[in-house]
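The structures come next, written out as C-alpha cells.
Common to both upcoming complexes is chain A, partnered first by chain B, then by chain C.
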Partner chain A sequence: MAVLDTRPTRWFAIVSVGLMVVLPPFLSSYVLTLLTQVLIFALMAMSVDLLLGFTGLPSLGQAAYFGVSAYTVAVLTTKYSQGFWSTAALSFVLSILLAALFGLIAIHAAGTYFLMITLALGQVLWGLAYRWVSMTGGDNGLAGVPRPDVGVSVEDPTRFFYFTLVLFLVSAVALYLVVESPFGYSLLGIRESEGRMRILGYHTWLHKYLAFIISGAFSGVSGILWAYYNGFVSPQDVSLVTNMESLLMVALGGPGTLFGSTVGALIIVFLRNFVSAYTKRWLLILGGMYIFTIIYAPKGLLGALRDWGLRRRLPHPSPAVATDRGGAPAGTPSSR
Partner chain B sequence: MQLRRPAVLNVLLGASVFLLVAGQPVLAAEKGPIRVGFIAPFSGPFAQNARDMWEGFRMAFDEAGMQAGGRKIELVSEDSWVEPAEALTKLRKLAERDRVHVAAGSLLAPSSYALLPYVESQRLPFLSPISCADDVTQRKPGRWFVRVGWTCSQTMHPFGEYVAKVLGYKKVVTLGFDFAFGFESVGGFQRVFEEQGGRIIQKLWAPANVQDFAPYIAQIKRDADAVVGVFSGSAAVRLQKQYQEYGLKDRIPLLGQGTLTDEHVLPGMGDESLGIVTPLVYSAALDTPENRRFAQAFQGRAGKSASYFAAMPYTAARTIVEAANAVGGDVENRDRFLEALRAVQLRDDPRGPMKLDRWGNPDQNIYIRRVERVGGKLQNTVVHTYPNVSQFWTYKPEDYLRQPIYDRDKVPGCRHCQ
Partner chain C sequence: MEFWITQMFNGISFGALLFLLASGLSLIFGVMRIVNIAHGSYYLLGAYVGLSTVWKTGSFALALFTGGFTVAVIGIGMQRVLKRFYLVELPQMLLTMGFALIFQDLALIIWGGDPYTIPPPAFLAGSMRTGTLTFPLYRFFVVAMAVAVGLFLWALQERTRVGAMIRAAVDDAEMAGGVGINVPVVSAGVFGLGAFLAAFGGVMGGAFLGVFPGADFEILPFAFVVVIVGGLGSLKGAFVGSLLVGLVDNFGKALLPELSYFTLFAPMALVLAVRPTGLFGRA
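Showing the complex of A and B:
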C-alpha cells in the first residue's frame, strides 16, 4: 500500500506541514513545547510503524534505541561538555549499532515471539539505565542537558520547535523514500506472506534485519531530540510505558500509513497533558480511546481517512451515468 | 454526490480547535489571584507522603484565609507520579500553562536536581520543603530555589556521632535507596561515624520502587552491630516488616534516616517499628506549644497524625504567605518576591527555631527519636536534641565544600567494607 496515494491523505500531509510551519509564532509557549513533544514521539512512532505496519513485525522495544541515544546525548553533554555535531553523530551511530546487535537476536522470531523478544531486549536496556548508576545516574537520571549549539540559538520554545521540525521533516522524507522504494515494497511483500517472498528468491531475513536497523536509527534520532528538548533523561524514557505508547500511537494513527503516527502522537501527547489537568482519571480516558479506536477504526484514524479516499474513487452504482470500466477518476462528482 | 465529511474528520477538526484554544495561557486580570503551584507524587509508592504534603501545604493557606498580600490565593496541584521525570513535565505545565507565580513541592532528592535548571531558566521561585538534595544549597546553589527543609546529610552527621558515642555501635551495615537521597544520607552518616571510631562494613542499595527486601536482607553481614536503613514511603513499611519477618529485628538493631519511621507510615505499623532510632528535623511528638497546636490542627483537619511530610510544606506555605504580605501582593515583580521569600523568618514553626543560612538552607534542631508506644499509639519520642545544626555540621563551610558531594561508590567510599 502506498502511503500518499489518495487525495485526502495527500491533503492531510500538505495541510499539516503547512500549519506546522506557519502557526508557531501565534501559539503559546506551552502548546509549542507540547507540539515539539508530538514531533519527537511521532518520529519514534513512525519508526515503529516501519516495522509493524510495513514489515509486519510488532516491536515493543524501540524505546531501547530511543534511550541509548538520549542517554548518550545526556552523558556527553553533562559529563564531557561535547558540542552538538559530535554528540548527535555518536548517539546516532550508537543507536544503529545497538539495533544491529539486537536485530541479530530478534529477527529470527516472528509475530508474538518477536513482540516478546523485543520487549525483553527493551527491558534489558531499561535495567541497564536503572542500575548502571555510575553511568546513567539510575533513578537520579541525568539533568542539565543544555540546548544544542547549532550556530543559531535554539533556546526558546519557538526556535527549538522549528529545529525539531526540520529534523522531523528530513527524517519523515527519508522514511517515505525508504517505504516507497523497491526495498519498501519488498517489506510489504514480507508482511503479506514471507514464505512466498522467499520462494520468489528474496533474502527475507536480510530485508527484515535492515528494516530493524533503519527503524532503530530513526528511534535514535528522536532520542537525540528528546534529550535536548527535555534537558533530562531518566529510566522512565526507556521504560515499558514509552514502548507501549509508541505502539499505541501507531495503532491510533494507522499501521502502515507512516504519517498516521503523527496523528496518534498528537492525540496521546495532548490527552496526556491536557486531560490530566482536568481529571486524575486521565488514564481511564486514554484507555477508552484505545478501545474505541480498535472497535470503530481498526485501521487507525489515518487509515480510515485513506479508506474514505479510496472509496471515493470507486464507481458509483448509478444507472443513469455511464462510467468507465476503471471507475471514475478521484474527485469527479458524478451527476445525481 | 454530496460532499460528506466522515465523522472522524469532524472529530479531529473539533479536537484540534479545542486543543489550540484550550492551550492558550490563562489570561488573568490585572490583579487576579496569586497562583501557587504544587507538585507531589499522588500516585505510586509515595502516595501517602504526597497526601501528607498536600494537606500540610493547604492547611497554612486555609489558616491565612486563602489570601495573602491583599489578593486571593489559587492553588494548583499536579501529580508527579514518577519522580523525577514527571515532576519536570508537570512543572513545565504549571509554569507555562497555568502561569503560576510560585511553585513548591517535589518529593525525591533527584527531583531537585532535575528541576533546578528549569527553575533557573524560567526565573520561577520554587520552594522545596521535602526534597533534601544536598548540592542545591552547597555546590550548585540555585538562585530561584528556596529550601525550607533540610539537606539529607544534615540529620545524619549528628546521628553518626550519636550512634558511635551514645549507642556505642562499632560495625554498621547501611541499606538505602539507590539514588541521591540514599547516597547523601549514608555519606553524611559514614563521615562522622567513622571519624568517631565506627566502621561501615557493608553498603547495600535498593532501587526506588523496590518491592521485596529479601535479597538485600539476606546479604546483610551477620556480625554487624546495627543496620541503618534509608527509605521512605511504602519501601520503609516493607523494610521494617520484612526485617522482623526474617528474624533480624531481635538480633541486629535497625536504625535509619528519619523518614524510615516518620508519621506518614507509623500509624499503620506495629511491633516491628518499636525501638527504631532515627534522626530528623521534626517529630510529631515534639512537646512544644507550637507543635502541639500544629499537630492538633492537622489531626482535626486530616484525621491522621501530623508528620514531617506535613510540617515542612506547612512551613513552605507560610513562607509564601509571609513573603506575599511583605511585598504587598506584588508577586509579579519576581526579583523582589524572591528576596522576600528568602528573608522570611518564622518564629513559631512547629519544628522549633530555624534560620536560613547564607546558602539558603535552614540551621535547625536535629531530634534523635526512638519509636515507642505511648497511650496505645506509636510515636517518635524525642530522646535527644542537637540544637542549631547547620548543613555543614561542625566543619568549616569552605573545607566542607571542597570535598565533592556524597555519592554511591567514591565519596566517601567504603574503606572498611569486607
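Showing the complex of A and C:
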C-alpha cells in the first residue's frame, strides 16, 4: 500500500504543503502560533501512526519520548543555558535511548498487552515528571525556555513557524520514506499477519523494535519543538490525556495514512483552543469525538478520501474497495 | 524493623485494594477480550457515588453497594455499545478510552474539583497498637474484604454452575452458545461484576486514599501493572500481582520518594523479560 497512491490524497499533500509555505505572512500571529502547534502535534501523531496504522501496535505511551526530549530541552536551557544544537542533539538521543529501553519491554507483547504496557510505561514517566521535583519542578513544571538561536534568531512567530515547518517537513519526508521502503512494507506484513511474516523468514521482533525506536525518535523531535515553542513544560505534557489526544489525532485522520494525522492534529488543536474560550468541558468533547469517530468514521478523514480516490478508478463501485489494504476485510478481527 | 513491618502492612493493604480492581479487569478481559481503559473511571465513579451515599445516609455499608451497583449498571450499558465491535480489539479499546474521558469530566461536573475522603464507619476508625507499632483498623478491613472477595470469586468460578457457564463462555463463546448457554447475558453479567468490583474498590479506597479528580488515571496504571505482572484472565495472577505491586510501590515510596513511580517499572520489566504474558497468563 502506498500513502499517496490516489489522486485526492496526492492533491491533499501538495495543496497543504503549498498553503503552509505561502500563507503564513498573511496570517495573524494568533493563528500562526496555533498552526505551529498543529505541526508539532502532527509530527507526534505521525509517529504514533507509524506504530498504530502501519505496524498494528496501539501505543498509549508516545508522550514519554515527547516528554523526555521536552524536559531535556527545558533542563538544559534553563539550568545549564545550553545552545540549540547541543540541546537538540542530546534530547534527540535521550528520546531514542528511552524508546530503545521501553521497546525491549513493550515489543514482547502484542495488541492488548502492548497497549497496557505502553500506558503503564508512559505513566511511569509521568510519575517521574511529577515527583522528581528537584529535576523537573514537579507539578509547577519548568518555565522560561528561550526561543532557540539556530544561527539566525527565530524569535518572532513567523520565523518560528518556518523553523518548525522545515523540521516538520524533513521528518515527514523521512517517515514517508520509511513507510514506503521495503522495511515499511514488512511492517505492514507484520500488521496483517505476524505469523506469516515469521515463516517467510522475517525477524519480526527486530522489525517491530526498530519501528518502535523510529517512532520514539520522531516523538522526540516533536518534544524538542514543543519545549521551544511553549517555553514551558509540565507533567501535563507527559500525561495520559496527551497520549489519548495523539491517538485520537491518528484515528480522526485515518490510521495508516501517515499524513492524515496532520488533519487530526489540525482539528484537535484548533478545537481545543476554540472550545477553551467558551467552556472547560474539553475532555467531554474529546471523549465524544472518540466515540463518534470509532462508530461512524473508523477509517478517518484521509482514509475516506483515499477510498473515494480508489473508487473513482474503478468502473463500478465494488466491495473490493473496502478490502484493498493488505487483503483482510476492514472488520475482520486481527489474529490473536 | 518497625519501618519494615509498617511498610509491609501498608503495602499489603494497598495490594488488597489493587486486587479488587485487577480481578474486575481480568474478568472483563475474559469475556470481552479487551482491556478496559475506563476501569479507573469505574473506581472513581464508585468512590464518588459512595461518598454521596455516606453524606446522605451516613452508612458506609450502603455506600459500598450503591457505588457498586450504580457503576455495574453503567458498565453493562457500556458493554452494550462495545459488543458491536466484538473481537475487533482496537476500536473497542479506543471506545473505552472515549468513555474514560467522558466519565472523568462528568465526575468533575457533578462532584467538583475538591478532594474528599469517605469517612469510614466508626468502629473501624481506630487503630491497633502493639508495642510501638500502630496499625489502622480500617486497613485490616480492606485486606479482609479483598480476601473475602477473592474467595467468593474463586468459589463462583470453580464451584458453581454459573461459574462453569462463565468459563465456557470465556473459552469458546460459540460452543457455549451451542449447548444452550445464553452467552450475551453471561457476558453482560460478568462485565457488570467487573465494574462492580472496581467501584467497590473505589469506595474502599476512597476512605484511605481519598477521592479527587484524576484518581481514575492515577490508579489505572497500577491495575494494569498488576495484570501485566500476574497475567490477564487469571484470578491467581491478579492476587499475586497485586500483592507484589502493592509491596513494591510502598517500599518505593518510602525509600525513594522522588523516583517512586519508577520502582513500578522494575517488576514489570523483570516479569515480562521472563514471561511475556505474565506469571499466570494464558493468552
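As a convention for this text, the second predicted complex is superposed on the first by the 305 of 336 C-alpha atoms of A that agree within 3 Å, B and C clash if a C-alpha of one lies under 4 Å from a C-alpha of the other, contacts with A are read in each partner's own complex, and residues count from 1 in each chain.
Here is the rule we use: a residue touches a chain if its C-beta (ideal position, glycine included) is under 8 Å from a C-beta of that chain, and two chains touch if they have at least 3 such contacts.
Treat the numbers as computed from the prediction; the structure is a model and nothing was measured.
In the superposed model, A:Met244 makes contact with chain C only, not with chain B.
Touch criterion met: A:Leu284 reaches chain C, while chain B stays clear of it.
By the document's definition of touching, of the two partners only chain C reaches A:Ala109; chain B does not. Of the two partner chains, chain B is the only one touched by A:Ala304; chain C is not.
When the shared chain is aligned, chain B comes close enough to touch A:Ser234, but chain C does not. In the superposed pair of complexes, A:Trp126 makes contact with chain C only, with no contact to chain B. Residues 130-131, 133-134, 333-334, 336 of chain A lie at the contact with chain B in one complex and at the contact with chain C in the other.
Partner chain A is touched in their complex by these residues of chain B: 1, 6, 8-9, 12, 15-16, 19-20, 22-25, 42-43, 78-79, 82, 84-86, 88-89, 92-93, 96-97, 108, 110, 113-114, 116-118, 177-180, 205, 207-208, 408-409. Residues 52, 58, 105, 108-109, 111-113, 115-117, 119-121, 123-124, 126-128, 130-134, 239-241, 244, 247, 251, 281-284, 286-291, 293-295, 298, 331-334, 336 of chain A touch chain C in their complex. Within the complex, the chain C residues that touch chain A are 29, 33-35, 37, 81, 84-85, 87-91, 93-95, 97-106, 108-109, 217, 220-221, 224-225, 227-228, 232, 257-262, 264-265, 268-269, 272-273, 276-277, 283.
Contacts from chain A toward chain B in the complex involve residues 27-31, 33-34, 130-131, 133-134, 137-141, 143-144, 230-232, 234, 236-237, 263, 266-267, 270, 273-274, 276-277, 280, 297, 301, 304-305, 308, 316, 333-334, 336.
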